[in-house]
Amino acid sequence: MLKQTEGSRAVAEAVALCRPEVICAYPISPQTHIVEALGEMVKDGSLAPCEFINVESEFAAMSVAIGASAAGARSYTATASQGLLYMAEAVYNASGLGLPIVMTVANRSIGAPINIWNDHSDALSQRDSGWLQLFAETNQEALDLHIQAFRLAEELSLPVMVCMDGFILTHAYERVDMPTQAQVDAYLPTYEPRQVLDPADPVSIGAMVGPEAFMEVRYLAHAKQLQALQRIPAFAAEFRQIFGRDSGGLTHTYRSEDAETIIVAMGSVLGTIKDVVDEMREEGHKIGVLGITLFRPFPIARVREGLQGAKRVVVLEKSMAIGLGGILSTNVRMALSGLHMHGYTVIAGLGGRAITKKSLHGLFREAEQDALESVTFLDLDWAMVNKQLEREKAHRRSGPVAENLLRDVGIVAARNY
Amino acid sequence: MDKPFAITLDPGSSLANHTGSWRTFRPEYVDRLPPCNVACPAGENIQAWLFHAESGDYEAAWRSLVENNPLPAIMGRVCYHPCEGGCNRQHVDAAVGINSVERFLGDEANKQGWKFAPPAAATGKRVLVVGSGPAGLSAAYHLTRMGHQAVIHEAAPLAGGMMRFGIPKYRLPREVLDAEINRLVEFGVEIQLQTKVDDVQQALQDGFDAVFLGVGAHIAKRAYIPAGDANKVLDAVAVLRGMEDHHAPLLGRKVVVYGGGNTAIDVARTAKRLGAEESIIVYRRTRDKMPAHDFEVEEALQEGISIKWLSTIKEAGESDIMVEKMALDDKGFPQPTGEFERIEADSVVLALGQDADLALLENLPGLIVEGGMIQVDGGMMTGHPGVFAGGDMAGSERTVTVAVGHGKKAARAIDAWLRGAAYAPAEKHEVATIERMNPWYYSDAPKTMRPVLDIIRRQSTFEEVLGGLDENNALFEARRCMSCGNCFECDNCYGVCPDNAVIKLGPGKRFRFNFDYCKGCGICATECPCGAIRMVAEEN
Amino acid sequence: MSFQPVKFYQTGTFTVGNRLLPPEERSVQASARRFNSINSGHRACQGCGEALGARYAIDAAMEAADGQIIAANATGCLEVFSTPYPETSWQIPWIHSLFGNTAAVATGVAAALKVKGKRDVRVVAQGGDGGTTDIGFGCLSGMFERNDDVLYICYDNGGYMNTGVQRSSATPPAARTATTMAVGPEPGNVFGQGKFVPAIAMAHDIPYVATATVADLRDLEAKVSRAMEIRGARYIHILVPCPLGWGTASHDTIRMARLAKETGIFPVFEAEHGEIKSVLTIRRPLPVEEYLRPQKRYAHLFGKNPAVETIAHIQALADRNIRKYRLQARRGS
C-alpha cells in the first residue's frame, strides 16, 4: 500500500509487521520516532504479543535484547550515535553469542563536540563488532531492509544493524509502499532460535573461552558472516518475488557499465550523487555509481567486479578514520588490491554538513582531471581551520576548538582566549 | 540444539574436571568417644542409646542401653550420673539430663514388659556369682548373654544386695528393683537365695568353671564413742537394713547421725520419715568437703534435716551427746578446738563407712587384700586364677554404677578366661572434647527438671522423692544430646561442601566423601557440630 | 511443671538437615536428590563461599519453581569458575553476557517468557558485589524501577576477587585490598559513606528484599522460597566469605559468615515493599574483633600496636546495625 509517511514511521510499521516480541527503547535522536511509534502500537494493542520495555540506557537496551533473544524472542531495538557507543560492549556481546537481534541505527555523528546530525561515524565505529550492517538509500529501502534483516539475522543466527541516515531519512516524509502483513508473513518465518534458554534442554550460553579455542571461535564468526554474501542475493531475490521490487542485496550499480569514473558511497547521499551523475552523463561524462548496501560483511568480490573496468574510483563517505582518512575507502581499496587505477577518498557531510549538487559537480570534475588530493574534505572551510591552526601555533592554551570556530563564524559571542 | 562452538556448553559437563587432585588435606569421618561414655562407670554407650531415644524409638534405645547395663530403671534413680558431669552440653547451657532419660527408658521397659534379646548359644560353662547386688547381677547378666550359665548365690532372703538393704525406698521403690531383677531371672539368671557361700575353694570344686565375687561391704565401721548404757548407738547398715525387715528400728524423737557420706544422708532422711522430730547430721568438716553428693545434701536440708558442720562426737550420754567443734587447718584437715557443746539425742547412728566380709576367701591361695579391699587385675581377676571380684569389695568408689561396670568387665574377662584367651579391653577412641565440636548449631534448650515430691509427703512417707519425665519431656531431654563425636546425620557436611563432594548414603548409613571432587577445604570438618570429621594430610 | 513442647530437635533448624524433622520441613540442601544446580568439577577456590551460596540459592529457587529456572550471570568469579570452555558446572539454562548488564539480560529473558506465555519459567539473575553494586548498578536499578519479574541475587564477598582482590563499593572500611593497601596513615579501605545495596533496593519499594549468609542455610532457603512466591523485582543479598580475598582459612568460610552476622557487621533481614518484615537476631553476641582478627585483610589492625580506634569505629558501625535493624534477641523469645 502506497502512503506518504515519515521514514521513522515507515520503519516502525515495517518492524511491527515482522512481529517482534520484545522491543527495548531508550530515547536518543534521531531514532526516537521509531520506538515511539512502536511503543504506541504495543500500548494500544495493535502490536501483540509484544513486550515494550523502557530501559534506563542503551547498554540496557541491548542487554535486554540479548536476554530476550537468548530466551527465544524476536528482539528489536534502535539507537544512534552516543547510544550506539554506550551499548558497544553489549553490541559485541550480542554477535559473539550469535543472537539474531535487529537494530536500527539512525546514523548520527559522534561527539565531542556533541552534534545530533547525520553522518556514518556511529555505525562504522561498530564495523568490527560482528554485526551485519545494511545501509539504506531511501525510506523505502530502509523499510524493506528491516524485513530482510530479521530473515537474515535469524537464518544466520547473527545480529543485523540496519543503518539509515538520521533526519535525512528518519524525519523525511516520502511516499513508501508499505507491504501487507500477509506478504511479510510469507517472507519471514516464525523465529526458530538456534539456541535457546529452556529448562527442558538446559545449556550454558556465554562460556569463557581461552587461547585454546578463541581464534577458532573468531574465525567461525568470520566464516558465518561470509555466508551472508551468498544468502543475501537469494533473500533479495525472494523479496522481489513476494514484494515485487528490488531492495537490499550487496551493492547497486548505477550507469557504471562504461564509466571511467565511478563514485562509491553509502546511504541517502547516493540520491544526490545519482542526480549529479545524470546531469554529467548528459554532458557526456563517463561517470557512474556503485552504492554499497551491505557494509558488513564487506562484499569484496562484488565491489571489485563493479569497479574493475573504471579508470578511477572516488569513495565519498560520511565517515572518517582520523589519522588515516576514510573508512569506507580503505575497505574499497582492499577490494581493488592489485588493480591499477586512481583512487580518491572524499570525506563529506560530517555532522550534517550539506552535500550539494554544486559541490559534487566540482568534485567529480576535478576527479576526472585526477586533480584531487588522495584524501579530500568536501567543502571544508579552510580559512576557519587555518585560523585555528595559527591560533594553536601561537598559544598553547588557545581555548576550546569548537567554540573558537563558532565564534569565528559569529555564532556565539564568547570572550576571547 | 545446534549449539555454537565453544560459547555454548552442555549442562553439568564440569564433572570431567576432577578437582580432587587439588587436595592437600583430606577429610575423614571418625567416631570420637563422647565424654558421657568416658565418664560412665558402667561403660554405657550413652550417646548411642540417646540417639534412638531422640527419634522416639524408646525400645531401640532401651535395647541399646541394656547391652551394657541391665538395670536402667534402677540406674535412672540411684546413679550419681558422672555422665552428666562430663556432658559437653554444660558448656552450652546445662548438661543433658541423661539420668532422667535412662529412668524413663527403664520405667518404660517395665511398663511395656520388654524382655532382653535371647542369649547366645549355651557354652556349657557354669559360673558361680556370689552376691546378688549390682555387681553380681551385672556379671550374671553379661555371662548369660554370652551363653554361660550364671548361678547367683545370695545369703539374704531377697536379691538386690545394698540396692535393697542400703538404699531407702524413697530413692528406689522396691517394685522397680524387683521388676529389673525378675527380668534377669526370666532371662536365665539363676538366683539361689539364702545360700551363703562360705568357701570359694569348695565352690570351684563343685562344678563351677569360674567364680565372681560380689559380696559387697556390709560391715559397718565403728568409732569409739564413750557411751552410757541407756543411749542407743546404732550403725547405719543395720538401720537401713532394718527398714526392709517389717520392724522399723526405733530411733526416738531426736536422732543424731554421725558421718558425711551418702549413707549418713540416707539414714538422716529415713529417720525423719520414721517420725523423728529432729534429725541431725554431725560431720567433722565443711559442706564443700562432704563426700555426700550435694544434691542429696540439698534435698535433706529441704526436708528439715539439720547438719552440724565441723563437729565430732566426743561422748554419748543418756539423752544427749557432746560434740567438739573443729577447725580446718591449712591442709583442710579438721583439728579439735576444745570447744564443746551438748546436743539432745535419743539415738546415735554411726555412718562411718563399711568394710567387706572377706571370710569366705580364707582358704583361697594367691589372694591379695589391701586396706580391706580385694585386689584385682585389669580384668577384675583376683590373685587366684578363675576367681574374679567386683563391686564394693573391690573398689574404692562404692556406687551401684561402679558395681554394674565391674560386673560387666568381669563377665568379659571371665568369658575370655573360659575360652583360654587373654582379656583385652576394646581400644578407646579419642575423646570428643568441646573444642573438637561446633556447638553453635545446637538449639537453645534448657534442661528439663524432674518433678519433685511435695515436701510434707517427703517428711512423712517413703514415697519416691524424685519423679520421672513424661514421654514428651524425656524426648525433649534426649534431643538435647549433642551426639558428641558421633555422626547424627545432621547433613551439615553434605550441605556445606562447596564442591558437592559428600555423598549422602541414606538414613542410618551416614555419608561418604567423593574424593574425585573434594578439594580438601575442610569446611565439613569445621562445621560438623559434633566433631565427627577430622582433616588429615594427604600423603605424597 | 510447665509443658515443654518438643519443638527444637537437637540442632533444630541450624544445621543443614535433621533426621528428626518431618520430611516437609527439611531443607532443600539436605535432600539426597537436590538439584546441584552447580555441579562438581567447578574451579572455585577451596572453601569458596560463592560456589556454596550459589548452590544454596539456585537449588532453593529450583525447588520453588519446580525446576523451571533460567539464570543470567554476571562476569566474575562465579562465571569464570563455573563455565570455562569446554566445561560448565551449570545444570540449568544459564547465560552469561557481560559484567554490568545482568539485571537487564534477566529482564530480557523475563520479557521473552512473558510474551511466550511461559509463566511457570522463572528468571534469576546473579552476580558478585562488583557486578551488582558497582558496574551493574544502573541496570539493577532499572530492573527494580520497572519491577521486572526477576529475582536478583548478589553474592557479596566484598571486592573484585576474580581480578585479584580489588576494592568494590561493597568492600568494608579498613579492609586491605590490592587497591586499598594497608599502608599510609589510614591503611586499608576508607570509612566512606558505605553503599548498602539492600537498603537501596528497599528504596525502590520493590516487593521483596532480603539479606542472608551462607552460615544460615535455612534462613537463606526460606528467603529464596519467599522471593519465588512473589512476582516482580526481588533482591537477595547474600554474604559469601572469600578465603582468598579475606585471607581466611578455607575451612573458616561459614564460620566467618556466622561471625559477620553474630557481631552485627552484616544485618540479616527481609523487607517487603520497602518495609522490614523480619530480622535474624544475634544468637551469640560477639565483639567485632572476633570477626576481624581471623582475617588477614584486617591484619594491620592488630599486631604490636593494635588500631584500637579503628576497631572501635568498626564496632560502632556494627552497633549501629544492631540498633537500626534491631538485631538483639529479645529475652524470652
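Letters A, B and C mark the chains in the order given here, with residues in each chain numbered from 1 onward.
Convention: a contact is a pair of C-beta atoms (placed from the backbone, for glycine too) under 8 Å apart; a residue touches a chain by one contact, two chains touch by 3 or more.
No experiment lies behind these values; they were computed from the predicted model shown.
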Determine the chain that sits nearest the middle of the structure, using the mean of its CA atoms as its centre.
C
Computing the C-alpha centre of each chain, which chain sits at the greatest distance from chain B?
A
Compute the distance, rounded to whole Å, between the mean C-alpha positions of chain A and chain B.
92
Taking each chain's centre as the mean position of its Cα atoms, how many Å separate chain B from chain C?
49
CA centre of chain A versus CA centre of chain C: separation in Å?
44
Multi-chain contact residues (two or more partners), chain C
82-83, 85-86, 88, 90-92
Residues of chain A that touch two or more other chains: which are they?
97, 201-207, 209, 213
By the touch definition above, chain B meets two or more other chains at residues 6-7, 9-11
Of all residues in chain C, which touch chain A in the complex?
67-70, 72-73, 79-80, 82-86, 88, 90-98, 100-101, 104-117, 121, 138-139, 141-142, 145-146, 148
What part of chain A is in contact with chain C in the complex they form?
21-22, 24, 49-51, 53-57, 59-60, 62-73, 75, 89-90, 93, 97, 197-199, 201-210, 212-213
How about chain C: which of its residues touch chain B in the complex?
1, 3-6, 8-12, 14-20, 27, 29-30, 32, 36, 38-44, 46-49, 51-52, 55, 82-83, 85-92, 217, 243, 249-255, 258, 283-284
Along chain A, where are the residues that touch chain B in the complex?
96-98, 157, 194-196, 201-207, 209, 213-214, 216-217, 220
Per the contact definition, I'd like the list of chain B residues that touch chain A in the complex.
1-11
